[in-house]
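Here it is, the structure, as structure tokens.
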Amino acid sequence: MSDRNIRLESADKRAIEDQEVEIVERKGIGHPDSICDGIAESVSRALSNLYLDRVGKVLHYNTDETQLVAGTAAPAFGGGEVIEPIYLLIVGRATKKYVKDGETLQLPVDSVALRAAREYLAENLPELDVGTDVIVDVKLGEGSGDLQDVFGEETQEVPMANDTSFGVGHAPLTETERIVHEAERALNGARYGDDHPELGQDIKIMGKREGDVIDVTVAAAMVDAYIDGMEDYIDAVEDVREFVSDLATEYTDREVNVEVNTADDYEEGSIYLTTTGTSAEQGDDGSVGRGNRANGLITPNRPMSMEATSGKNPVNHIGKIYNLLSTHIAETVVDEVDGIRDLQVRLLSQIGRPIDEPHVADAKVVTHDGVTIADIEDDVVAIMDRELADVTDITRRTIEGELSTF
Amino acid sequence: MSDRNIRLESADKRAIEDQEVEIVERKGIGHPDSICDGIAESVSRALSNLYLDRVGKVLHYNTDETQLVAGTAAPAFGGGEVIEPIYLLIVGRATKKYVKDGETLQLPVDSVALRAAREYLAENLPELDVGTDVIVDVKLGEGSGDLQDVFGEETQEVPMANDTSFGVGHAPLTETERIVHEAERALNGARYGDDHPELGQDIKIMGKREGDVIDVTVAAAMVDAYIDGMEDYIDAVEDVREFVSDLATEYTDREVNVEVNTADDYEEGSIYLTTTGTSAEQGDDGSVGRGNRANGLITPNRPMSMEATSGKNPVNHIGKIYNLLSTHIAETVVDEVDGIRDLQVRLLSQIGRPIDEPHVADAKVVTHDGVTIADIEDDVVAIMDRELADVTDITRRTIEGELSTF
Amino acid sequence: MSDRNIRLESADKRAIEDQEVEIVERKGIGHPDSICDGIAESVSRALSNLYLDRVGKVLHYNTDETQLVAGTAAPAFGGGEVIEPIYLLIVGRATKKYVKDGETLQLPVDSVALRAAREYLAENLPELDVGTDVIVDVKLGEGSGDLQDVFGEETQEVPMANDTSFGVGHAPLTETERIVHEAERALNGARYGDDHPELGQDIKIMGKREGDVIDVTVAAAMVDAYIDGMEDYIDAVEDVREFVSDLATEYTDREVNVEVNTADDYEEGSIYLTTTGTSAEQGDDGSVGRGNRANGLITPNRPMSMEATSGKNPVNHIGKIYNLLSTHIAETVVDEVDGIRDLQVRLLSQIGRPIDEPHVADAKVVTHDGVTIADIEDDVVAIMDRELADVTDITRRTIEGELSTF
Amino acid sequence: MSDRNIRLESADKRAIEDQEVEIVERKGIGHPDSICDGIAESVSRALSNLYLDRVGKVLHYNTDETQLVAGTAAPAFGGGEVIEPIYLLIVGRATKKYVKDGETLQLPVDSVALRAAREYLAENLPELDVGTDVIVDVKLGEGSGDLQDVFGEETQEVPMANDTSFGVGHAPLTETERIVHEAERALNGARYGDDHPELGQDIKIMGKREGDVIDVTVAAAMVDAYIDGMEDYIDAVEDVREFVSDLATEYTDREVNVEVNTADDYEEGSIYLTTTGTSAEQGDDGSVGRGNRANGLITPNRPMSMEATSGKNPVNHIGKIYNLLSTHIAETVVDEVDGIRDLQVRLLSQIGRPIDEPHVADAKVVTHDGVTIADIEDDVVAIMDRELADVTDITRRTIEGELSTF
């Protein structure tokens, strides 16, 4: 166990939940930055599967650089139109040829990336006409020749870290974090979205807690085809407000104030109306790694990694793996061990050593009153050790799409 | 009638049919250059209809510059795949804003162009997966502001020529021309193509007549999904050869030799196999105006216009109109007047005069033995005058897609 | 000699010079289509030289597809500016890797193409700021693997024709043709251009002869930095008119009327003023093979090849070679043999035979009065035979930039 | 003063300098992400100056999205070459037209952006041939029409916050932070770089402190033209190591271990050799906002903003302004007030209020032993108030290029 360098120590500060001011943000799946994250990650999964399928292992690639250039649209009550399509450029590196049994395989990485991106858009942005509202372009170069990395049935070994990198995860989420996260998931999901086609996918939620008052600000793109006039719009906004207000009570007893589309000016007719459900149709560009962290949130109160997780190779990109793993470990520990009010898990890799043996694996904990570090140390360390040993499961789950990266 | 400057004179040479050597070529609809022509023209029609629909008249545009960059493919018996998508760039000028009744309309020219191109591809290249085998990009700029041209219900006037340009048409087609033209149309149409999915759309036919021997050379892309092995391929090639040989007898009594895919080398396994039915998938780039002339043929024995007809504005682009009109006039005259063995009609515009009053409208005729120019002159001139007067009908038919431009 | 299939026959029609109506056009080097031709050909030369330098022979490539998308400019007396840069996309195929002595050479074709294009622009469009007025992009794919063609010291053999293609050349030029051609060359050259920086490079000249009256219409972009006001502009236009009028008298005794920038409307302030000397800065797109033929002219009265000569591989692209060679042969014959009023040379290749053995090499001649075909036949045939034997000299001269292709 | 909502409180935790483990990273100016940051910011400055120059105030724009697609290179001792150019896409929004005194001005934002980018590259990457090693493309759309923001002589007012956003700054830097930051600045500056042309600009430095041992890992691209063989290379690496080791002693008494290019494998010949001095030439893509924060460092131990500062409009983009301002305030306070061991300044905007009146301006301080919050509170609050009042000075200094954003 010592080769994992696991440490548990007191966080030596108040839990986030107990600090005076807390800020949390989540960009919904239709936000331009999240669209890029989602495409980058879906391209990554598609390439992993292509390589596993054709070669039996995941080869070198990295597709963490999708760029979105906003289009132009003319939304209108009852249904407007896209004037100039959105432009999406998929950027990255991928292995295009592989010699197997003496034969050179050509791997259709560009076509696979294009398909993955278009399918992702069709699935996640139902009001976007993938044929005419967006141009998807691809520039995948080849990387350095000596980086043909390996994952899959042929090798059961744990990969070596190829970089000094850092991942950080937290648990449990604070009330504000849960409200922000769950509200977006519910608005964009079965619980609300399925019955509310007028609500677009570009939903940005900011939560700000000062003491015991939580302000939730929602910016929600409305879809013009389902909104016949200003009254409809006002109703749609109010529906979102009520839904989020109700949902918040499931997560907190604090006072919660919800505001939706605060920048609207009904008199000027300046409202957040879109044709496609995303501001990418007009004015908002986007790129990968600029929005949510691997746990789905932006949390300036907590240490965060700058790493763009989406699109990275889940076999050997240690930054991606450690961000997902540290989050997973934090959640697992809090799930299995009682008495923890706030837990931060940090993993630091060491070049050239197996990724299940980090250079540092430290956990900082704030316990509930009456619980000491000593009370929980053995359990926490055992779980961390177990999950680190199982690191390649993170890779598997990422490839299979079970883990979200944004 | 004098203001049309119509002249009829003797061609003062042998009819093409009677010359010793004749060369004719047609690039089928799936040839990369023809794909560009087809897209440029379908974009043009879509813009004309957009303007008529929204503004009541056709505004200034020109979309005669589509560029195709070939992809990469790995065809294989039973079905291969596209490795790197084809890249298509739609280029041109279009009016994007129009002030109507004091209100500025935004015209979705980019989206309309994109839709037209994608629909054209889906319709004409059934084996091409428009979602993943091709990237369609658009760069439509705005033209000069003072060129807001007008066509439609609001104005019944004939437009003025805005350039000195030239159109030329011929009739009747020679036997070789008819064989080349009809063979491609039949192979790509209901008569053959519908029952032969193994035949791709990229068919290039060259006819060469020396005296009374006509050699027809067909290069026909085969579609791998319908071809299970070399025998299938050889059968498919032979089927085409027989079909074209039979078809040729409908148009000539001369000796006709047909060869198909002469560059094949069966021993080397070097054959014309594709995944999508077009060589654009691998190695052959394309652009507008580089292939067939407005009558669907390349005929170096006859005067030709360099003008790229496809994609040009059919209301005011005099080069496009006069090429289509001169061909139409030549065909109409030959249809209605007996005794003509070869007719060439040439129209030359004059800047600033109505387009139904060309600077020169000359017809050069070779008559059948026993027929003099004088015998037919009145009829020919009357038809020319009538058709020139009806010049805007060319515009209408082009917008409605009745006239092919390539 | 018989294996060259040379034939000489009477043209069986009047010389172009003697026909009633003649139309001739030349797009100057700064015309958007000519810019594309020039870049395509300079890229081609650069690649030929790269291959000769690194590999000792010319490898497979084809770069005949440059696409220009016009920019936006705001010209103004005394000096305006480019608002949106011109976009140039170099398209084609090129061999990127070559195994030499067991070692794989990487050939920097993209960088070389980019450099050639930028240098060409800098040299030929002095008022265009290559750094900021134009974006040059490159998409060079790899062609079919089995087409590694060969030219250079290692092989002295004549290449085989790889296609059925056709070239046609004429001599001598008619008076109208000479005036049109020479006027552009002089305006854009030392004789006029060097002392007239106010004259841009985008000069389009159309010549129309009816009987003995030649109308020359010049459209000439003026450069705003050298034109301080409307008077300057009018002077500049008048200077061009006088220069071309004078120049014309060197080539003809016919009546010549010259008009310059006829579309100008001084009252409206609508004049042909540019910042960069080319209409590509605003509104006029361009592409390869849409302008001048290999002899520098567009001559609808004469048979022309549709082949885009510029950018094609000069070693093995038979269409390029035969167009240049037929023009060269026609000029040489007329130069060396007296008594020829009009000569057309046509070369038709035969797949799989050496390119110095065309399938047909026919010359059609109109002799001066008193000269018969028999008088000149031996000489003409001997020259044609000699020049065909020397076909690879065309390749050499093209690579060295001695032959213009447009 | 109360309307600035300034608070000072104890950080309630150890100073970063006193924590057990500390990680710091800086991507040098030649790193692909930093290249994008640098271009985005230089484009931003150029647009600000364009607007000030032409309109007298800064109009709406945002250019924080440059995307870099890596090229291909073949470095070699003594001088290699770029095979495939780097592709750079400048993305953003900018106001292209402005009505001034009844006249519509066209603003050359695309050309200005292109020029700024090319000049930035030429200045900061001396070994990159801007003409042929890189393609710079531009896609600047127009934003929402109602966002014509204002800064400059005409208005002296403080702008309103248009978003809820957050900035955070720290001071003083820890020893590890200073070493990492200063080492890159010195290596890329006059102190080392000027005499060491063999050192490229792509330098990535990671510092890791555990207790009192600081490990500094440098990845430094070497430039092949100045390195004649492996011995030269080894010397160059050793020079960097020694220089950084020496420099570190200026900032700490702790043990410092420096390693340079640890991934090299001399036996395999696998070293960090480049032609242009940046890994963007081969394999490493880049984009804006993915590297250094506004203070030039990535510091996972400290709260960071996700905001991409580079390229944002410095007049009205509250996230940019508050990140720069909070850093500036922290530095100023530490400079002017004694007794502070660690200071964090956080600014949170409130939509619709002047940006000098933040919703929250809180400072968390760790004092030196013997100093209490009360001792310094008045001074700190006074400085914060003063600097907040002077917020537009941040805008001015950013436009004038005095403040670095990455």
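All chains are identified by letter, namely A, B, C and D, in their written order; residue positions are counted from 1 within each chain.
What we mean here is this: contacts are C-beta pairs under 8 Å (C-beta built on N, C-alpha and C of every residue); 3 or more make two chains touch, one makes a residue touch a chain.
Please read all numbers here as calculations on a predicted model, not as lab measurements.
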Per Cα centroids, the chain farthest from subunit C: A
Centroid spacing, where centroids are CA-atom means, of subunit B and subunit D in whole angstrom: 56
Distance between chain centroids, defined by C-alpha means - subunit C, subunit D (Å): 50
Whole-Å gap separating subunit A and subunit D, where each centre is the average of the chain's CA atoms: 25
Residues of subunit D engaged with two or more neighbouring chains: 72, 84, 87
Chain-level touch network, classified as line, ring, star, complete or other: ring
Contacting residues of subunit C [partner subunit D, same complex]: 72, 74, 81-85, 87, 96, 106-111, 114-115, 118, 130-133, 135-138
Subunit A residues within the subunit D interface of the complex: 9, 12-14, 20-21, 23, 62, 65, 67, 69-72, 84, 87, 89, 91-93, 139, 141-144, 146, 162, 164, 166, 168, 206, 208, 210, 217, 262-263, 270, 282-283, 285-291, 293, 298, 300-306, 308, 346, 348, 351, 360, 362
